[in-house]
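Chain lettering (A, B, C and D) follows the sequence in which the chains are written, and residue indices restart at 1 in each chain.
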């Protein structure tokens, strides 16, 4: 209610006991330096977790658990909070038992152990976003889930350490007939996706580390494919095999799924690239405003086509825009962080953000998208998101004209 | 490019064990065959608890048959018969991923039989059909409706030089509010009866 | 032994059962997507932890737990593995109960809550290394601890989210008499350090997030000071107060400790800056070589003066050098990753790395350092590290002429 | 720069509660006094279990007295008397951080007394000395030996244009090996009897 909205620079009348009384943590020793050889967050951060919305899927093993975007900042997604999308649950693989095969239209089919993989020259460290094409998919028909964790949380951004896939393909020797590769995982869904050879030989990585340490099990430990700027499903986890061929394989995940059914009944296939997109993460339904006066609007933007060039923010539902401040590292095909420092007068707001990338693409509205795609294409919803902020500071997912 | 010499040559038996993919043109199909009726029996035992006796889906498990002609409707039903482009995908997927929880447990004959049954459920083959590598159909009815990504031409309007910054609309009205207000599973206010328009895909 | 050194491209004679036999993880469903709302590493990575060497200190609460550098890659240190150096154990602070005070030679002394702090305009995201001045301190007198985790592990590198300290000082209004600030923590050591006002107003940050999420408790949750390029002890954790004054306060941690006693009996004080330094993390005693043939030498480099410009690597104890490949993001006052792809013939190696920063400073040898400093200065040992690699692949901390 | 208006003015009582620092010139010292003998009694009760009756250090806990003239030796002993520059630091630190585990529990009188005792242990004041704000000494004996960081001039040789890349030395010999070969606490081979030359500072 209004009482929660503290006016600026309220003067204290009486000394704050939290200052004038000695606090426990200032007097008594805390736990030792190695109480937790692998550290965990503060107990006061226990609400900052991935969340699954169980009624969205039939099974816990073919489902998604969303990144808590509303609670994060900067450009790195902490490893333990990176969204999870499985099709057969998490494969638990001893790296000593994992093998990586290259076969098909190659001079020599090869098998690598994890030690072999890590001995390959040309190791790289690259920051990339991974967004599932189904991110925001539930929002095509209208505002639905009330929180950016749920509307936009199938995304993360980490630093990958690995070796270009090209290096492995060159070891095997790619036949001139080769035009496509098939990447296959070792999990219970044996996930497979076809990737044009040109992309495979361009910037795809075979990665084993994220943000400095080994891939998390739910992110494909010990090995995953990285397909910069392209839909997350292609970034095969628990990568066991790459085959070179001359035609796409039309696997289930690129036919039944991950194709885009448009209003005329036809379907786009091979919609690999994730277009420019952004969302305001704070304020948002899970992160209400608490005070009038100075506030910081925060959000993230990304594009599979290149680098985020600019993000504009509107506070009146798209009538007027101002350019946000992009702050911190801003890499191609990676998440950028933007801020708007604003003064809130306690009145209703309709917050939107609009990303532009260096190809000149401008994030469209949901209406613009639906004009081209209808409402049943499920994937690639990169439309502008609107949050209604009420005078009490609470926020809600809405659509506007 | 110079080779480094890491890794080792894959043996034929190893490739055979992992090379389970099937292409639209049938390359990758093993020898074997299976009838619609054999498939039906297998389906009842191994699949129907989730997918329903006739592939109609039990509970929230996926629907495998029907929906023909529904793609332009408000609620399209995308199944093997109404949507998938190739028969090869059916064989490939069933073998690599089903039953859910016992992946890669089906023999080639069983997989042909189940594929035949699913095709029959989708009115694609008669009930006496026996599917094999030799008579494996390529295209399914909706194949002709797939086309490659053309966003860069069809949606070229999204490449704008100067998007509007001021007075971009006369009025702004809220056209709809969040259907599911209380999503967080941690308190008891979740409206489980309020199904979302679409699940996770 | 020699059997462990597999020659390149050994051909398998019999099919690998790990390939021809169906593995469990490929057949049966793994755990669901939200089995761990806050994820943890694979059980197969259980050796990748911080380690304390208990006999180095009297108390677990005034001690250090080292970053496992030998097992990490890229440029980001995962939050749970960032080294820990406490003087009174870990303060456990409810952010709602934390207060941040500015007092002293200011127009208006102020108190901020955490909510106030996060509403300040001008939020930034910056990547910085934090190195304790005592890092490698045990190595002054000679090679001592056998592993880079222990010889060099008092360092981490993360993305901080916060607001410049300058903004808070401007809110209070700094008196023209002000020349220094004192930063004070709320832990049981009430850690205090004097910082020149010029540095405080330059790039110091008041930070609450690391790598996208809240500071870890052992890293100062909910608030810490960031003092880019300067010794880690100054980056006061559990930051509760900053006072403006006109003289340094000569606190215990800048007199008894963190001053550098030289051979002539005199001591340098105010040695704030961490000079250019590097270390090879792999191979190293905890990361032996396992195979002849292609191998990847990996290491990290950093400088408090600016950006790492170049890293040279020697494999023969400093007789001959080659320039390493700096790979991935390389920011000022942040850790850079370098690699050398090399072919190991199984013979003895003496590995060294030598960092150069953009000020023109070149990392010195330990002998060069000792010539200027003697062996009792404890702090600021940024000398070149040597690892002896034996024909069996094992590595050892040595010094060479 | 424009002020934002966040935060609120700190009240005098609040500042007093946290403003516990003492500067070398004595600013920050509260009213109060304490004698060497009162300090000795307090020290035995509150401090000697760790620091020894005479500040000689018990076990691995820090030594607080002695070491005068040792700074140029092979094993310098750095204590209040042999090393610290200012008396103010003794007062400040004892009050803010000691006893270890009961920080900020000492009254001003107690802190003056303990400071006096530590000064006496270090032969800096006679045993009948009573320390107070009014007679608080500024410098300790080693104060004159501190000087500001001069690495940029004294060590300017480290700024080199072209460090040697080839044939940089005639010979390379190993001059010493790791003293503590087996550091990892997870197996039982740690040589606890082999103390390092220096602990963590």
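Side notes on the structure shown:
Throughout what follows, contacts are C-beta pairs under 8 Å (C-beta built on N, C-alpha and C of every residue); 3 or more make two chains touch, one makes a residue touch a chain.
Computed from a prediction, not measured in an experiment: that's the story for all the values here.
Mean C-alpha position of subunit B lies 69 Å from that of subunit D. Subunit A and subunit D have Cα centroids lying 48 Å from one another. Subunit D has its Cα centroid 23 Å from the Cα centroid of subunit C. Averaging Cα coordinates per chain places subunit A and subunit C 28 Å apart. Contact of a single residue of subunit D with at least two other chains is seen at positions 4, 6-9, 14, 18, 100-101, 103-104. Across the assembly, subunit C contributes 12, 16, 19, 26-29, 51-52, 59, 61, 63-64, 85, 88, 101, 111, 119-121, 188, 190, 293-294 as residues in contact with two or more other chains.
Viewed as a network of touching protein chains, the structure does not reduce to a path, ring, star or complete graph. Counting only pairs that meet the touch rule, the chains in contact are A-B, A-C, A-D, B-C, C-D. By the touch rule above, subunit D contacts subunit A in their complex via residues 4-9, 11, 13-14, 17-18, 100-105. Against subunit C, in their complex, subunit D makes its touches with residues 1, 3-4, 6-10, 14-15, 18-25, 50, 59-62, 71-72, 74, 76, 78, 80, 83-86, 88-89, 92-93, 96-97, 100-101, 103-104, 142, 145-151, 154-155, 157-161, 163-169, 171-186, 190, 192, 195-201.
Against subunit A, the residues of subunit C that register as touching in their complex are 12, 16, 18-19, 23, 25-45, 48-52, 59-61, 63-65, 71-82, 84-86, 88-95, 97-99, 101, 111, 115, 118-127, 159-161, 186-188, 190, 209, 211-218, 221-222, 238, 290-291, 293-296, 298, 327-329, 331, 337, 339, 341. Looking at the complex, you find that subunit C touches subunit B at residues 8-12, 14-16, 19-22, 26-29, 293-294.
Here subunit A touches subunit B in the complex through residues 51-59, 61-64, 85, 87-88, 101-103, 108-112, 116, 119-121, 134, 137-138, 140-147, 150, 167-168, 170-171, 173, 182, 184, 188-190, 192, 240-241, 243, 245, 247, 249-252, 255-259, 261, 263-273, 275, 285-286, 312, 316-322, 350, 354, 356, 359-362, 364, 368, 372, 376, 378-379, 388, 396-401, going by the rule given at the top.
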